[in-house]
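I am attaching a structure below and will ask some questions about it afterwards.
Think of it as A, B, C and D in the order they're written, each chain with its own count starting at 1.
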Amino acid sequence: MPNKDTPTAASEENLLLCEELIECGRDFHRRGWSLGTSSNYSVVTEREPLTLLMTGSGFDKGRLRPEQFVTVDEKARALKPDGLKPSSEALLHTVLAKHGAGAVLHTHSVAATVLSEHFLKDGGVRLSGYEMLKGLSGISTHESEAWIEIYPNTQEIASLATVISLRLNDAARPLRHGFLMAGHGLYTWGRNIAEARRQVEVLEFLLEVVTQKRLLFGSF
Amino acid sequence: MPNKDTPTAASEENLLLCEELIECGRDFHRRGWSLGTSSNYSVVTEREPLTLLMTGSGFDKGRLRPEQFVTVDEKARALKPDGLKPSSEALLHTVLAKHGAGAVLHTHSVAATVLSEHFLKDGGVRLSGYEMLKGLSGISTHESEAWIEIYPNTQEIASLATVISLRLNDAARPLRHGFLMAGHGLYTWGRNIAEARRQVEVLEFLLEVVTQKRLLFGSF
Amino acid sequence: MPNKDTPTAASEENLLLCEELIECGRDFHRRGWSLGTSSNYSVVTEREPLTLLMTGSGFDKGRLRPEQFVTVDEKARALKPDGLKPSSEALLHTVLAKHGAGAVLHTHSVAATVLSEHFLKDGGVRLSGYEMLKGLSGISTHESEAWIEIYPNTQEIASLATVISLRLNDAARPLRHGFLMAGHGLYTWGRNIAEARRQVEVLEFLLEVVTQKRLLFGSF
Amino acid sequence: MPNKDTPTAASEENLLLCEELIECGRDFHRRGWSLGTSSNYSVVTEREPLTLLMTGSGFDKGRLRPEQFVTVDEKARALKPDGLKPSSEALLHTVLAKHGAGAVLHTHSVAATVLSEHFLKDGGVRLSGYEMLKGLSGISTHESEAWIEIYPNTQEIASLATVISLRLNDAARPLRHGFLMAGHGLYTWGRNIAEARRQVEVLEFLLEVVTQKRLLFGSF
């Protein structure tokens, strides 16, 4: 018999969270940031024990349905073995959630793909002096800069998750705002879905700005 | 007891104005001109005393709701202290409204961000010889030109508001059509929301034209 | 007392034609081909005497309403003096209608603006070898080419209308498919609205192709 | 009297398949991948005898209606001679269907047009090292690469269909994923409409990536 306190995808509140992620998917797909079956999105539904609602693997992000979300535990294991597989990158979501994120959004735009591949050699891309930076959590003036780290793309997500965890907990120079996987796309997060969505829009906008500057003036 | 003549956001007419600004936000967000929580919009609801309805700070412009607008006075102070904060740039709106604008729209596109940063050294960008210029209020032939001034971006909005006020009242060569803040975006205005929206579309279009010309032919 | 045979914008059939043009405007505005109050559209509602339904001057093409259309005669004079002004370019529509067009669509895209300005010196732009050419009326293989003539932009529409009329009736090498006005945009037409709309899409697509080829390979 | 087993466009199931292709058309048209009357789409409705439901020739792909689909046999002949003509490229669809495809989608984007023309001399375009490749059927790691073959554009579809058939059955190095026709566009397919649509999104995305890399860094 299931524990009554266990959140279920069918529960009212979770359904609202699904709807919010479905709306993200619709908009990101329309913009070309979540084409094919790329991207994955999650939201924390419970802190103790850590529980996330996450897009299942292989679905069209432009037309998600509530039954295409899967509930996972802190180790990214599906809680209800109903055949739905969490995204292969689920461990990145749980690592971010453990570190405090309430929602994690991974997008896969053309700009993020191309720039992350190019700047991998530098380890990241610097976004500096733009008003739009103020849209990132914890930044209140355009005189700041954001350093978005880039990691080599990998199919060994567990190893990358360990690296990300260490970087998040780096006391001196912690990973912030989001990160890129080379030739792959952007991970960002927020306290809730609205904040994570804002981060996606800000970072994808700034990657477009970096692209346009290079195209217009030959430098970044 | 509130003055019955005080416009309230709940009043019928103000609700219609909110709806018009909400529709602007939906369209600008879709086009990528108001991503993150960038941009802010306002409309004058009363001339004596000057009263504006303005987007509150920090909301998603693609999905504004009437309760996310705040009523401000000529000094950009919220009239109803219900916790809603006007945009930090509210003073720019009131300065423009005092000068006669009935609606002010601030957008934040990639083209405006990149070009305003590049042309800051020249103090502005010249738009010349385009039929689309006829869409700007007060221009009736494509043989005109518009000079769109650019100001350094700043978080000291009061100082910038003073500069803008002086430029608007400059008898010899007054500020017209709109202005850019470097690395930030476009301010424009009109007698009403429809005219201000037309100005946004015309100016954002022409900034795209300038961008494409440079990309294609290596010059502006 | 009005002649019962005079078509009125209120009549059932004309309302359907208005709806079709409204839908064109919504789509073209969304794509950025009819921003500001640029563009104008018309459809022939009667051949004898020649009568057109045409967008009035100065309206937002993304949200046209039936009452924003005006009925004009063969000289582009408004039939019902109800204060609605036909577009200043109305004579271009009537010239095309006299030559057989059932619908005329004028769009104003970034690509058309930039390329028409650049290629004015050559008198036109050549579109050659593309499968998409088959979408133009009268072309059945991609081995054809279309020569889209470009005219200097002008506010003296009557003179341009005379030139266009002569070019349409040029027995040896008649004007076909559409034409560009430099720094302004595209005129094209068809037997009905659907055909004219198809021509717009084909030509705007091919202008994008020309743009991309130049950007990628440095030549046209 | 019609054979009761013959699928008809009016039948319930076929109507659902039409709706799915109509939705593809709406989305591809919106993105600019199916403008004019370009593109054509099909789905297999029966294996024995092979029967396909296919877009008729010359329709606007953004607003398809169920009655604009035609049922064809394995030789691409219209089963019901009701005046509706299958696309002139119908034989490419039946060849792919015979080889196992359950749905075939042909799109016609700017990127596919320009790149297919440029890379024709190389016989194909290599897509290598991108995470998005995992969205192609049969690829499970970004360390793969896809070779998308390019054929000269032709109006002799029967000859091209023979070539494609041979390439599909090439035991050593069979044609996979999709192919381009130079200056024309992309053909791709899947077991069903959803899979074919995913293939379109993945390949169009990667052609955009190739375009952006060349624009930014001068090489492919």
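Throughout what follows, a residue touches a chain if its C-beta (ideal position, glycine included) is under 8 Å from a C-beta of that chain, and two chains touch if they have at least 3 such contacts.
The structure displayed is predicted, hence computed values, not measured ones.
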What chains, if any, are shared contacts of subunit A and subunit B?
none
Farthest chain from subunit D, going by mean C-alpha coordinates, please.
B
As a multiple of 5 degrees, what angle does the CA superposition of subunit A onto its copy subunit D give?
90
Same or different residue numbers at the subunit B/subunit C copy interface, by half rule
different
Measuring centre to centre with CA averages, how many angstrom lie between subunit B and subunit C?
32
Give, as an integer number of Å, the spacing between the C-alpha centres of subunit D and subunit B.
45
Contacts with two or more other chains, residues of subunit C listed in rising order
215
Among line, ring, star, complete and other, which best matches the way these chains touch?
ring
Touching pairs of chains, which are they?
A-B, A-D, B-C, C-D
Name, in rising order, each residue of subunit A that touches subunit B in their complex.
27, 31, 129-132, 135, 141-143, 194, 197-198, 201-202, 204-205, 208-209, 212-213, 215-217
Residue numbers on subunit B that touch subunit A, as the complex places them:
32, 35-38, 60, 62, 108, 110-111, 113-114, 117-118, 153, 155, 181, 183-185, 211, 214-215
